[in-house]
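In the part that follows, the structures are each spelled out as structure tokens.
Consider the two complexes below, in which chain A is the common component and chain B and chain C are the respective partners.
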Partner chain A sequence: MFTRKFCIGLALSIVLTGCSFSSNGKADIKGFAENQTLRLTEQKNIATLDSVKASDSTSMNVLNNVQEGLMRMGKDKKLVNGIAEDVETNKDKTNYTFKLRKDAKWSDGTPITAHDFAYAWKRAINPKEPTDYGYIFAPIVNAENYSNGKVSVDKVGIMAPNDHTLQVKLVKPQNNFLSLTTLPAFLPQKKDLVEKAKTKYGTVEGLQNMVYSGPFKVDSWANNKVVLSKNEEYWDRPAVKLEKVELYIGMDIPTGINLYNTDRIDATALDQAYVEVYKQTPDFISVELASSNYILLRINHKEGEAFFKNTNIRKAINLAIDRDVLANKIMKDGSKPAGGFVPPSLNGVGNESFRKHGEVVKYDVSKAKEYWKKGLEELKLSSAPEEIQMISYNSTAKRDMAVAIKEQLRRNLGLNVLLDAPPWSVHLQNLREGNYQMGMLGWGADYNDPISFLEIFQSDAGMNWAGFSNAEYDKLLEQAKSESNQAKQYELLKQAEQILVGTEGKGQSAIIPLIYASNAYIQKPHVKELYRHAYGPEYSLKWAYLVNE
Partner chain B sequence: MLKYTLKRLSYMVVTLWIIATVTFFLMHLLPGTPLKNEEKLPEHIKEQIMEKYGLNDPLPVQYLNFMGGLVQGDLGASYTQDGREVSGMIAEGFPVSAFIGGQAVVFGSIVGLLLGLIAALKRGTWMDNLSTMIAVFGISIPNFVLGALLAYFVGVKWGILPVALWESYASSIMPSFALALVVVAIISRYIRTEMVEVLDAEYMKTAKAKGLPRRTVVFRHALRNALIPAITILGPLTVNIITGSLVIEQIFALPGIGEYFVKSIVNNDYTMITGITIFYSILIVSVIFIVDILYGIIDPRIRLSGAKE
Partner chain C sequence: MNTSEKLSPDLFKPAQLDSSEGEQIRKESVSYWQDVIRRFRTNIGAIVGLSIIILFIVMSFVGPYMNSYDISTQNYDIQNLESFSGDHYFGTDKFGRDLWTRAWYGAKISLLIAFLAAFLDVTIGVTYGGVSGYYGGRVDNIMQRFLEILYSIPNLIIIILMLLVFEPGIIPIALALSITGWVPMARIVRAQMMKLKSQEYVLAARTLGASTYRIMTKHLIPNVMGPIIVAVTFAIPSAIFFEAFLSFIGLGLRPPGASLGVLLNDGNKLLQIYPYQLFWPALIISLIMLSFNLLGDGLRDALDPKMRK
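What follows is the complex of A and B.
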């Protein structure tokens, strides 16, 4: 039996904040501000505070700070213990046993038990109440079968043998299962409260009956303003230094910046129009995301000719795009040129970036021209087809990116691409139904696992809208999925990515990577220890505090 | 008068039914679905969710369900805000939009009326020219340009008023002012044109010849007649302004209902689209009804012809 002990969250949080503190948590911090009220903005409204239903960024961000799951995301992608104080796994990482801390309490003073977790998780996959994130439980034994109505709920591999033990059985070894447990879908819920509130659970109307397991609780939520206050029942309350958080939701970027400049808020998001203005100031922050943008090429679909079925044509496109221009001249927010699909913020082995081995494809016009010529000959075309259309985003920066790509392909290959920027729902529908030739798209990971990127292009994956099918690629991924040794798994995934985006050797250039995305913010220098994350919820306020300037 | 009122009321109901029906079918022609996290949803789960919301039913069945709810006053729950009643969302946001808009209409009408009167009475002078200039600005500068300029100069640069957010009375001044300019422009133009016409009428000469004081001539005889077109336009104008402006509410981060008009369509939030359209229609139809009654009070000739119908 392989046992891995995780250090206790409190001890780790002291290391993370980089300062020691006495029981009241603030004595030793230099210039600790009297008023610990942090003011932030969110661009979108909260869809729901029901953790089982939440799938939008604002809801997930608030939930991450008012609730706590088994594990929590700390600084620099490090997992710290949440309600779980210890976890044991078997050797092939298919059984996880979580020991819950006995001092964990809901904000109403009642204990948080393993049953609260089992209840919420099973609720997320209830076939009668399908949820947006239910699919994320698929690694758990029979979760998918239960959500399809094939087996009963007691067959699902989630067990709570007693109040402080939660056992989870997985279908396959999963090296990164702990990263999953930081997500809102894996938060605990109190059964009696959920059942009492019915459809009002997690809405504004049901707010009085909510209880919280995390560092903060929601005091009010009205008129686009959410106020959080410190949860005095939280198990790790000495680590929480903020007394109050004001969150202004549904805020436009220019308005957020006006408020920031009049000192009404402490941090806000930037877009491309403002990045340049603030980039040189000490307030500027760029956060690397676990998200890549790429061009989807229509490779295999039943109807119509498929220009991009030709591998040489795809390779030519792949080599003819100068990603430097896209990342550094257009996005400017810290986004990086992408020569692969898996972003650098995801880990390969241990805490090392997946991209440690470098990029797969590089800008090379002369090679691109060669492949282009070869491809056209194979297709018996004398020149590039005239009606190649690319579906692009309708947001300003990404539309500019599409225009730059169009210009590069025209200049480097003589290919004239027509651009179309429909509303998002139409954009998605066209890609899903194969009603496109080239389509810009992004993929973001919810948790730290490169497989969640690469598996979407397996032949039978629902998200494989390119119609890409490669037996070797499928095999490599299946092997990687059942590999419990991370180093071996990383090798398999590296080979798979080479097939997916590569131009050399077995490379198929099935998709054309563009950039690894980042988000840009401005934040007052008096805000300390506010951790922003690459995947899952965007930030953690547990350790944040304010100092006097 | 009662018969006339009842007849108008029944027209209102029919109008609303037609609007609701047309909106329902038009919105189902929109491509896409109201689902969130759509790019990641596996196909079978998408199906389950569509099934749960009854979106897989044939359109006529969906229409009957929708109408059934509507008759009972149930607008349904929003798709973008899980489980929240559309009526609750409108009820929360409308007072804010109505306050900002109402203030803009009152301020705009008073200033517009004064400007129009002065321009008509002082025809051809610099005052007339100034009023024309204000009207041209009011019509041609979009409220969001004015709003953004106000926010930057008055809010950020000079720090006189709060730059955004809904916190005190002061928060309402800039947004109301930005919305009021167009009201000023429209009302002052209408009043001026009508006043000029009325002041030249034969009965004005009679009134003056009778030796009535100038005040009585202008306010009792001239203005009363000149008000009718302004009131006609004021009704729909008020509804437009108090139901909120997406852009002004975004610039000043106000929690109004303006955004629902646009975002519900972008997100395919079916219940919100129908809810907000019906809410807007009820307001418009009611205002038209009130304006009809007002005519009768201002001009008894209209009431008489109405009663004869």
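What follows is the complex of A and C.
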């Protein structure tokens, strides 16, 4: 099953490259613009071009377009082949063998080899220099042990038997390992250059010595502007039609919109205030993210009996929130009301969304009131407690959602919630230390797998800040993790999600889902084939081009 | 020469001079405060300022009841209505809440915080400055050094730290504002005290055996009243402004509470799209600030005996 799905991806890449080969790219396209310069904005500058160290969004966005890994994210979450020409797996999907393209070259003309991949990956988990994304190599045999200093580097399951073969051994069957290889942490690096540049690697000072494996290379990198130009050594250069990409740095949203309206940039991000203005225009684009927002309820409070330890109270709150209002009246950016935890943009290996089986919770005031009454009786309370505090991250959108939730709980349950919005770091600290009653939070995935969402509420998970512990939930997730058949895995995860957020049957309503997040942009209609992604780097420019208006 | 010859001595009579008559006061006696009011009345700016302040205070109590909405009920069918649509005189905000109600409610909260802060300023400042100025010497020296230390710490830092410890609300914000706000008041009172305590009438009172308390409350404080009132009228707008600033940087009242600062902060984000959501609270806060400054200016002129024409 897996190999069949993979072939679809492969076929797509052939189609994409095929059409450009036939015509040298340009003549076929109606109204192909003379000047192929794309102008975009980024809120922050590149932090580093060292793919092993990059963890901020601008660095990841740029790296995704100037470097190329084994696989690349294409249109609509489809994986297409990057430097890997072919992939073979064993039956239980624990061994991956990548055949690399023989014509793949760095921008200095030297070939890209399997050793470049093995070197970079091992560098990312080097115990001497921990990296932000080191954890993501955990599925690979001994990766975790090596980064903890327990085993030597040659025990790690990353091998390059020859220049064009890369073998990866995994601890457990993993349906979505290929989706991981699109992330910047899995990009190749040239060992001699990294070692020669030392601390300058990936910085502005080391820019002249940088080499690129992707469709573009970095021409200049200044405080206010980064310029990329086409990489003539790229193996799939006929597919690349843009000559130049200009990224304007440090633009906040109103500035970006002003530049957009004066035709000085081709696309920019929107916030909820501006969404309403541009929603009806043809320029509006909404991109589903692999991210959902929810409320954590402090279940096992450190001090005394917690209000939210009572399951009926939690269920009442879960049922009393009208997510339609949050998504369609507050966010308005294409976010969807969330009746579950896993966002619809996650679809595992196939193109079947995990959310296909529907939502778990629905807004129901009368049921909410029933549970509320029952819960208060069990807690021997005559009315709702005076002061329940809810903390949210201090951004306009999150605060607005909190204000709407407060009003809904007041109207539907008579519960008065006090709102606080501390700075992000304080907010996280409060949640981590259990110093909250209700806490709004978002969770986003780095790769395409519903497990990346549901596993954070396993009893022993580090991110389980709600103090949720359910033996059956833990068991279902462990089973799902070692299940290689996707249909069976989804069935297990579906049951687990029902326990986590459900109100019926075994449902515990441990967390209150709010919305499945989206990002909103405006983009000039003359920009074509610019793909934006739900997770990992935000966009891919490989196939993008401009037409005359 | 001719005329002088015609004058005869019997044309002259000795004048009946009453020595007490020269002491008589012909003009109606005017007390200090009557004089102040008279001078104040002639200042048009100050009168306009006072009228606007009175109007806004009345409106902040009456305004929220002039239509049927409250400050927190959300109605998503009427998000971001323009001004003057139906009885939403100022329009509605992004939650469909009535801006007229919220603006006047916000003005009330802002004024309340400002008056509370000014009251605390006066209470602490007058006591501290009075004691320091009256006793002088070592007491003054120690009290002034303490005050200078307090004054040398940027007040924004103290206020932000205070609001991180206490839950944001009307009283904590007023307290935070007056924690350093009383210092200028104490300085004014101290300087006046030092000037006045060596005046003859104080000396006379002391010679007659008046207690320190009596001298302070009956002789000194009433004479410092002028500068205190002026300082208060300038302290109130600065407290309003500071409250707005705190709300603006996110340290203000909890939502859905409203103060002018909260409304300005919300409106500012929508400036390019719905400018009226910023315009109305901005207009109210500007008029309040202007009015208090005009009033303070007028009072300063009126309360200063040297300005008497």
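The working rule: the second predicted complex is superposed on the first by the 519 of 549 C-alpha atoms of A that agree within 3 Å, B and C clash if a C-alpha of one lies under 4 Å from a C-alpha of the other, contacts with A are read in each partner's own complex, and residues count from 1 in each chain.
We adopt the following convention: contacts are C-beta pairs under 8 Å (C-beta built on N, C-alpha and C of every residue); 3 or more make two chains touch, one makes a residue touch a chain.
Keep in mind that what you see is a predicted model, and the values were worked out from it rather than measured.
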Partner contacting more residues of chain A (chain B vs chain C): B
Contacts of A:Arg264 with chain B and chain C, given as first, second, both or neither: first
Touching partner for A:Leu419 - first (chain B), second (chain C), both, neither: second
Contacts of A:Asn223 with chain B and chain C, given as first, second, both or neither: first
Partner chain(s) touched by A:Ala273 [first = chain B, second = chain C, both, neither]: second
Touching partner for A:Val403 - first (chain B), second (chain C), both, neither: second
Chain B versus chain C as contact partner of A:Val325, first or second or both or neither: second
Touched partner set for A:Pro254, first chain B, second chain C, both or neither: both
Interface residues of chain A shared between complexes with chain B and chain C: 254
Touch list for chain A against partner chain B, complex: 45-48, 50, 53, 55-56, 127, 129-130, 132-135, 147-148, 199-205, 222-225, 248, 250-252, 254-255, 258-259, 261-262, 264, 423-426, 428-429, 441, 462-463
For the chain A and chain C complex, residues of the former touching the latter: 254, 257, 273-274, 276-277, 325, 329-330, 394, 396, 399-400, 402-404, 406-407, 410, 418-421
Contacting residues of chain B [partner chain A, same complex]: 30-33, 35-45, 48-49, 52, 77, 80-85, 88, 92, 96, 148, 151-152, 155-156, 159, 162-166, 250-255, 259, 266-268
In the complex with chain A, residue positions of chain C that touch it: 72-74, 76, 79-80, 94-95, 167, 250, 254-256, 269-270, 272-273
